[in-house]
Amino acid sequence: MIRLDELVDLLGGEVLGDGSVGVGRVATLDQAGEGDLSFLANPKYLSQVRTSRASAVIVGKGARDALTDRPRIVADDPYLYFARVARYFNPPAQVQGGVHLLAAVSCSVPSSVAIEAGAVVEEGAVLGEGVHVGAGAYVGRGVRVGANTRIAPRVTIYADCVIGEDCIIHAGAVIGSDGFGFARERTGAWVKIPQVGRVLIGNDVEIGANTTIDRGALDDTVIGDGVKIDNQIQIGHNVRIGDYTAIAGCVGIAGSTRIGERCMIGGQAGIIGHLSIADDVVISAGTLVTKSIRQSGVYTANLPVQAHGDWVKNFAHLRHLDALVDRIRALEQRLEERE
Amino acid sequence: MIRLDELVDLLGGEVLGDGSVGVGRVATLDQAGEGDLSFLANPKYLSQVRTSRASAVIVGKGARDALTDRPRIVADDPYLYFARVARYFNPPAQVQGGVHLLAAVSCSVPSSVAIEAGAVVEEGAVLGEGVHVGAGAYVGRGVRVGANTRIAPRVTIYADCVIGEDCIIHAGAVIGSDGFGFARERTGAWVKIPQVGRVLIGNDVEIGANTTIDRGALDDTVIGDGVKIDNQIQIGHNVRIGDYTAIAGCVGIAGSTRIGERCMIGGQAGIIGHLSIADDVVISAGTLVTKSIRQSGVYTANLPVQAHGDWVKNFAHLRHLDALVDRIRALEQRLEERE
Amino acid sequence: MIRLDELVDLLGGEVLGDGSVGVGRVATLDQAGEGDLSFLANPKYLSQVRTSRASAVIVGKGARDALTDRPRIVADDPYLYFARVARYFNPPAQVQGGVHLLAAVSCSVPSSVAIEAGAVVEEGAVLGEGVHVGAGAYVGRGVRVGANTRIAPRVTIYADCVIGEDCIIHAGAVIGSDGFGFARERTGAWVKIPQVGRVLIGNDVEIGANTTIDRGALDDTVIGDGVKIDNQIQIGHNVRIGDYTAIAGCVGIAGSTRIGERCMIGGQAGIIGHLSIADDVVISAGTLVTKSIRQSGVYTANLPVQAHGDWVKNFAHLRHLDALVDRIRALEQRLEERE
């Protein structure tokens, strides 16, 4: 438990109401109980605060005086403040250095490094202080991993890739598999092009479960600092992603595409290869990007869901849109001629 | 081999023709041979039965008298009956209790539990009778797994998740990885929100290969009883899925969405976050759902495939639909004025 | 380093300019330096050759005389030639036979086979000469793997599957998991249909990271020779894929669909179940195929991306296309009546 006034000393913000109230957990408004601190990110949920059993609430400046009966912390960005409190209550687990008897480690590692059962670390790998290699993870030959990076169970990092500091790589992620590069013979048979580039990942990057990032063909695949990549994402060879870009689940990014900084890419979106996406671009869920985007802004291409019968009726016309436009043009001409 | 009349004693249904005929295997109509039992789920394939070499056929009541020359079992639902016969001929492999020398198990487990080579089971995990932990699977600290659940090789279950009885979790699936939750600083940098909820999975759930289910942020992610989840699916934090819902491959479900009971979600469909989907909803393949669905029924949003040239011609107009509607309106007004 | 004239002796083609120039690496035009051999696949990048620091360039016959100041190799297909040179410079790593102490191998294997730490090979598996089983990979009971096939770390191959020679299977791939087959009871509960078929994979097949290929229900799932499958792909039970077909990342192919030879399927495309796709079909990225395709050619169904505001304005009309067509028809009738 920590008192609200102590929390404000640590994290900033202003206490209104009884600052001696203690909180020990963060919780959503509807789940919160005695001893919980909740937050109001959007004033439209004000009524939920009234019925919430939270001991205290984080509010924005706009809601400063709306809740005079409840101890509260006023912050510029309540959600960001909530994130900081949540981290205070739930710090990352301390890494206990040591190599499990059932791990196979072929390089020397600092004593602060933990390597769990079934993990394999190959020759020439270089692990920074405090790195955690989860059970059954694979760290290939010559891989470098920065300090305090946490590699979850069953992650695979192919040879020669470079991971920054303070990264989190979730279970099943694969870093540095071969890019999809083939030349075609006249017969239709494919000749594999050796993929000799690496994957270079910056600091403070999070990579989701079962996400795959291919190594470059000749040059490298590069992920900037602070990039956040959700689960089940595919990133092709030679892709470059700028700092602080966030990518939601199931996105596919094809080879050699460059994505700017601070972009946000919605779930199941796709970006074809060899494109360039500017900084601060937002791509809506499910949107397939087939052309470069030169200006920041929100971009969308997805369909309205309909009851199946309506969809059949409406979408049949999509096959004949061009003929439809011809009919409109013909109508215009006929009217024109008669006027 | 079992005689048709014995099968009917076990599983119900009615034999017509020679009940002493023996069958030892199920097979499709075109692959079946001597000793095989096949099925006719749809009367339109009746002619296939005529040419099939199956020794006997399961048919519905409608086809009861259409195949008088062939031994047959009449059942209310031939496909369901076929499923039961297939299970009779192919029961799940018996689990041989025992812990492999190359497994790392840090808790006590019942003697009926099998833990294969390379598997890791952490402290405080609780495994029910007859649980099978496949080679190289990871069961985190405090995880609970119900009786007779089979965990395939290379599955990862993060700490504190709860799996019911009689579940099957296929290779590479990841249960309980962190949800994708971040608050954004003014600089664009992301602050990770600790994901402290769990994943709770009911009984008789099947989870496909390389599927990922994130743990809740504050509350839990919940999968109901009898839910069937195919391969390569992503389920975000705090999602709730009702009993008996079935989800086909490559679907993505974003955070906090609630899906009702007995829904069927087609392959590559997506559902964005914070939505509510009613019971008995069917979502067609490839459909991105961006609004809540309040009523049972079939919902669709996907595009007709065309030869590329036709597609270019027709779909160019989609960028100008609004202008097109304006032209129609203008035509209507001009005619109106002249009438 | 190898001289251009020696390279041409090995791989064919014709040297123009100084054949004694030595090259030791392949590189892209913009990254190449002293000692690098680059290539010009498309004459429109001719100006890039002029500024490139590559010691020599592979060109097509059309560009034969356009670069008289630079040593060059003239080839029918410069990209294919580049692929062959890249393979010459980067041959696959030699497999060092031997079984790691921390591997669990329950069958006998040739001395040329390498099995890495944490790998598990079950009883009855048959591995050909020179097979490499990566760290933590799982090879199930009765699996057969052809000579010189390389299985990356953390691959899972379920019992009884058959893999050809010279294949590459990348990390996290799952071969032979259960297909998604259930019959439904009146209550909505699902009865699992045992999946007793296998996966049969031809020679020279590459399978990408975290791709999943389900075993057949009754018959087998079959992947032809020379098929190239990228990352994060889902292939359902009983699918058949013809020789030399290439499939880009994130594609989903539902059960029982048959795909011809030499097809190319773009990223994030989907094909629903029980369809038949002819030989030499190209499917564009993001296209969902819902009907069989009987003729070779390019097929597409995806949407133009728009700035979000334009999308809102244009796509709202998709819900009312049918009404719009009615309005056009009404206009035509009104004009008809008046003419």
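Per-chain numbering from 1; labels A, B and C assigned in written order.
Heads up, the rule we're going with is that contacts are C-beta pairs under 8 Å (C-beta built on N, C-alpha and C of every residue); 3 or more make two chains touch, one makes a residue touch a chain.
Keep in mind the model is a prediction, meaning the values are calculated, not measured.
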How many degrees of rotation bring the Cα atoms of subunit A onto the matching Cα atoms of subunit C, given to the nearest 5?
120
Are the interface residues of subunit B and subunit C largely the same numbers on each copy, more than half shared, or largely different?
different
Using mean C-alpha positions as chain centres, tell me how far subunit B is from subunit C in Å, no decimals.
25
At least two other chains touched by the same residue of subunit C: list those residues.
102, 118, 136, 154, 172, 210, 232, 250, 302-304, 306, 315-316, 318, 324, 328, 331, 335
Subunit B residues touching subunit A - in the complex, by the definition given at the top
102, 104, 118-120, 136, 138, 154, 156, 158, 172, 174, 177-178, 180, 182-185, 187-194, 196, 210, 212, 214, 218-219, 232, 234, 236, 250, 252, 254, 268, 270, 272, 282, 284, 287-291, 293, 297-304, 306, 310, 313-315, 317-318, 324, 327-328, 331, 334-335
For the complex, which residues does subunit C have touching subunit A?
26-28, 31, 77, 79-80, 82-84, 86-87, 89-90, 100, 102, 116-118, 134-136, 152-154, 168, 170-172, 204, 206, 208-210, 226, 228, 230-232, 243-244, 246, 248-250, 261-262, 266-268, 285-286, 302-308, 311-312, 315-316, 318-322, 324-325, 328, 331-332, 335, 339
